[in-house]
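Note that subunit A is present in both complexes that follow, paired respectively with subunit B and with subunit C.
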Partner chain A sequence: MILELAWRNSWRQPRRTILSSLAIAFTSAFLIFMPSLQNGSYISMVENTLRLFDGYAEIQQPGYRDNPEIRNSLTIPDSLISDLKNIQHVDTVSQRAISFALLASDQRSFGAQIVGVQSDSEALVSIIPNNIKQGRFLLTDNSNTDEIVLGSVLAKNLKASVGEKVTLLGNGRNGSLAADSLTVVGIFSTGISAMDRLMAEIPLQRFQQTFSMNQHVHSIVLSGKDISSFQQSMKPIRDVAIKYKLAALDWQQLQPGLMKGILLDISTSLPLYIAMVLVVTFSLLNSVLMSVLERTREFGVLLSLGMRPSNIAKMIWIETIILIIFGLLMGIALGYALTEYYAHVGIHFEEAQEIFSEYGLPNAMYPQLNWFTLLIGPSIIGLSILVSTIFPVVRIYKMQPVPAMRAV
Partner chain B sequence: MIKTVTHCLFIFIVLFNTNSFSETPSTQPDIAATLVKNAMDYWRSKTSYTEVSMTVHRPDWQRTMSMRSWTRGSNDALIIFTSPAADAGNSTLKLDQSMWMFTPKLNQVIKLPASMMTQSWMGSDFSYNDLSRSDQIVNHYTHRLINTEKVDKHTVYTIESIPNADAPIVWGKEEIKIRDDYIMLEEKFYDQDMQLIKHMITTKIGPLGGREFPLVMRMSNIEKDDHWTEIKNDTAHFDLEFPKALFTLSNLRNPRRWTVPSTNNTSVP
Partner chain C sequence: MEKLKLFISLSWRNLWRNYRRTLITFSSIGVGVWAMIVLASLMEAWAMSTFNASINTLTGHAQIHAEKYLQDPNIEYRIDMPDERQTDLLNSDTIKAWSVRVRVPAIVQSERDNAPLMLVGINPQAENNLSFIPNSITKGAYFNDVKSPGILLGKKLAKRLRTDLNKRVVILSQGPNGDIKERGFRVNGIYEVEQEDTESLYAFISIKNAQSMLKIDSDISEISFVLHDLNELDNFLARYKELNKLKNIKQDIKSWAELEPLTLALLDMTSGTIALLTVIMFILIAFGLVNTLLMAVYERTREFGLLQALGMKPTYILYMILIESTFLMGIGVIVGTLLSLSTIVYFSNGLDLGALAEGSTMFGAGRIMYPEINWIQSSIIAIFVWVMGIITSLYPAWRASREVPVETINKAY
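What follows is the complex of A and B.
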């Protein structure tokens, strides 16, 4: 009976009920769409940054990250690669060896980061092979091929073009002089200035020979389809690393600044969300309180007829819950539709393309919906409104039948 | 001769007139600068030939290389590695501010950028400039005598050298200890925050090439534990006449045989 009363009460003032539930609906739709948009931009930022060069995770000799010396290298046990490949979500396993060296052309010389790579899998863990602007990428890992690809700025600095020879001078793993003469086969331009200015890639085995590395490498780069599912495999990846006394680094360790940036962004947008929840909570509190106060005489009659205050309170609760359910259902539907729509179409920022590419973002943003972003905002709104309903309810317990009936 | 006179004059001032320093600080830099310059000249002489072995020590490995080196004046130097086999034949030639390298692995002469001279030399803790005792320390620093002490029978001067504002120097300051016979005992390198980065100590002094000379010097990396490089001078000859062709690119690529002339073995400066 109380349920029915509450239902009828709700529709005695249909305009107020609809307006209140619309307020809830729009706020919760906003609180679904915005976090989804942020989530989507974080994911694409992380993926784009990691696809530049780092991969989703790396296996290294413990301590290499802090002290990337050529001697901090690892030999690869036969079973390590297959162990890694057997882990779910790990699609790519690519080996690298890295050192700084001097590259010299006829009259000029510049320092460069020389990376020995596996030519077939490098394309899956870095953007360099897909951004060759002149010539081609490396074709083999073979030590007999004297090939090198250079970053565009490095090539320009060296005045080296495709087909010309450059000389490499560095220190080998055993301390001896590492020297090699290499033919430029390709020039890459990634748009990332640090890579274009500093990097050069050569076949892994050529690197190992030139730098007296034997079979050593510096890093095993892992990658998969998307970072979210890949993250679930970090535990088995760590287990494999521990088994071989190696260190596994996830994306947060590879790009510590990225996670800090994300946390900063979240902490700056959080006050906005809190303010929105507060605004909608107070306006709802206001309308519920109004509906209680304007029925003071009615409640006085009910009390004098012998209805218990707890039942009236229950009625108010149910009225509020009806409002919330209406509002949230509309809000979730609206938020879901909006988010899913833009998740397919994308939000395009043509003008801001340059700024975006600097942060490793594509020029379109795609919101990413998941259970968390779908439900967290609406449930916080619902809960805060419920909690705030305590105030009107307290008034009912304070009511005396006679003065209530006489109230204006 | 003039050198000796200034030297004596200098000793005279230091020994008998120490108090005057605080009163007339303007004379101080000159004395300190003269000390440093003389130490550099003593190290290099007009010309020098040395056979040197260098041990690079790291916590997990160690490696020794041998080389022959020729210097002429303050700017020209030729170094040829003789062992281990992997590095034998690698050589560098420095003429004024230019430096070239030759490696038989490539059979090719490569010009090195000037910045290489301040960086780690052959993976060691010495830079090329530390080794060649280039004129940098004389030209680009302001020197100040900060301490004078008596060690055994020698007077040891401690000099603080601060690079001039416009000098192309990475260090914040250097602290040098020079013995009164111009043998450099210690050299400390501080970064811009005045933190000690590298510390070079002459651990053994003895007669070499007809004079007292540092036999063993060790450069320690203060920032990294158990990282040091030791240089041993096995043979040294000073003020020899070198053939003109010695310091040339063609000699770098194709070194002609050169042996120490027997008559000059015990030349005294």
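What follows is the complex of A and C.
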């Protein structure tokens, strides 16, 4: 009976009920859309940053991360690569050797980060092979091939073009002089200035020969389909690394600033969300409180007829819950539709393209909906409205039947 | 006039007949306005921090280079020291600080490792008020004059090279004829800045040393300057360009906005986001406001009927409700604004981002935010919410004025 009473009461003032639930709906739709948008941008930011060069995880000699010098290298035991490949979600295992050296053309000389790569798997862990603007990428890892690909700015600075020779000068692993003469076969342009300005790639075995590395490498780069599923495999990856006395670094260790950046973004948007929940809670509190106050006479009658205050309170609770359910359902439907729509078409920022590409973001943002972003906002709204309903309910317990009936 | 006074006192009293409702509505409006203004000022502080960091990192408010230098920062592209008339212009009151620099790509070698960097020859005194360098030396000493020996390295780079104060490093760089110039330097000082990338990007030597090492006489790579008032920038650049045109000097003169398009994009995006959030917040407030006023109108239908029966014109009732909403919004907006201003003042000595600072520096901003009261922006937000609130209350007010006297007086609850 109380349920029915509450339901009917809700529709005695349809305009108020609709306005109140619209307020809930609007806020919850916003609180679904925004976190989903943030979630989507974080995922794509992480993916895009890692796909530039780092991969989803790396195996290194312990200490190499802090001290990336040529001596901190590792030899690869026969079973290591197959052990890594056997781990679920690990699709790509690619080896790299890295050193800094001086590149010189006929006219100019510049410092560059020289990376020895496995030509076939490099394309799966770095964007360099897919962004060759002139010429081609390396074809083999062979030490007989004197090939090099250069970043576009580096090539421009060196005034070197495809087909020309460049000389490499650096220090080998054993401290000896590392010198080589290489032919530019390709020039890449990634849009990331640090890469285009500084990087050059050569075949891994050529690198090992030139820099007297024997069979050593500096890093084993792992990659998979997407970062969220890959992350589940970090535990077995670490276990394998420990088995061979090596260090495994996940994406947060490879890009420490990125996670902090995400946390910063979350914590700056939280006050906004809290303020929005407060505003909508206050306005709902007002509406429930008034619906109680304006019915003082009616409640007086009910009380004198023998209805217990707890039953009236129950009625108010149910009325509020009806309001909340109504608003939240609308809000979730609206938020879901809006988010899914933009998840397909994307939100495009024409003007901000540059800023996004600098941080490894594409020029469109795609919100990503999951159970958490779908339900967290609406449930907080619902809960805080429920909590605030305590105030009007307390008033009911304070009512005396006779004065209440006489109230205007 | 008499009537207006009457309306005002009527509305004011109406507001306090149900003080609980009024207070809750105030709180809702107040919290909304407070959150908007505080957030807007924090976002601005963040954007300003990015702006200052980028200005301080050698950019200045504008720079002058040889043509082609920006596309290819090479020793080949040099300019002469500013001549007499250019110097006069740079010494004018508009300019707060200016300096000339030699800036070329180089390689640094320590006993243990080597790394690429930008070698910058500076005039130590002129960098005061212009760039971060003089105030960032945390170990060792800064240079005394344009001929001081030694080199200043960033902390991160020094660590990577495993070199330290008073140790020697060798700098290799290309001379004007394509030959490699080489010179040893003693590490004179270590500098630390918030952006770690900067620490491994730049090494500083005195300008005379740079010029003699590279054998470029008194040639320079760039002139950088900051103004007292940024609004004067376009004007000043125009004067400089005119002077150059007169003397037929071809130089590449660029403002910070052209040198750092990312910073400009960030500033633009911030103001866009603030506007969008203000509108969304207002919509939320409006729902509550309309609801409150509608209810206030409904429960008083008998009263309005009576007032009309006593001869009050329907339009007067409309005015009365509008004045009530003006008060309701106004007090909420004023309280919210005052609260937000005091919040901003409270944080104006610096809001330390603490553990999150690394994320902030990654995006090019600092670790401590200094929110400032932006009177124009705060007033725009406050007045926007206020005026839109009054416009929104037209609907409940219009409904109230349309009640038919006899029906409403007889209306039972």
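The rule is simple: the second predicted complex is superposed on the first by the 407 of 408 C-alpha atoms of A that agree within 3 Å, B and C clash if a C-alpha of one lies under 4 Å from a C-alpha of the other, contacts with A are read in each partner's own complex, and residues count from 1 in each chain.
Quick note on the criterion: a residue touches a chain if its C-beta (ideal position, glycine included) is under 8 Å from a C-beta of that chain, and two chains touch if they have at least 3 such contacts.
Everything numeric here is computed off the predicted structure, so don't read it as measured data.
With both complexes brought onto subunit A, simultaneous placement of subunit B and subunit C is prevented by a clash. Of the two partner chains placed by superposition, only subunit C is touched by A:156; subunit B is not. Set against each other, subunit B and subunit C touch different numbers of residues in subunit A, with C touching more.
In the superposition on chain A, A:22 makes contact with subunit C only, while subunit B stays out of contact range.
When the shared chain is aligned, subunit B and subunit C each come close enough to touch A:107. Using the contact criterion defined above for the overlaid structures, shared-chain residue A:174 touches subunit B, although it does not reach subunit C. In the superposed model, A:260 lies in contact with subunit C only, and not with subunit B. In the superposition on chain A, A:212 makes contact with subunit B only, not with subunit C. Using the contact criterion defined above for the overlaid structures, shared-chain residue A:345 touches neither subunit B nor subunit C, since it reaches no partner. Overlaid on A, the two complexes show subunit B and subunit C touching the same residues of subunit A, namely 102, 107, 109-110, 171.
Those residues of subunit A that touch subunit C in the complex are listed here as 13, 15-16, 19-20, 22-23, 26-27, 30, 67-69, 100, 102, 107-113, 156-157, 171, 198, 256-265, 267-268, 271-272, 274-276, 278-280, 282-287, 289-290, 293-294, 297-298, 351-352, 354-355, 358-359. Interface residues of subunit B, counted against subunit A in their complex, comprise 56, 58, 60-61, 63, 65, 84, 86-87, 90, 101, 103, 105-106, 108, 110-113, 116, 122-123.
Taken together, the subunit A residues at the contact with subunit B in this complex read 71, 102, 104, 107, 109-110, 167, 169, 171-172, 174-177, 179-181, 212. Here subunit C touches subunit A in the complex through residues 18, 20-21, 24-25, 27-28, 31-32, 34-36, 38-39, 42-43, 46, 71-72, 74, 105-107, 112-116, 160, 172, 174, 178, 180, 261-262, 265-266, 268-269, 277, 280-281, 283-285, 287-292, 294-295, 298-299, 353, 355-363, 413, going by the rule given at the top.
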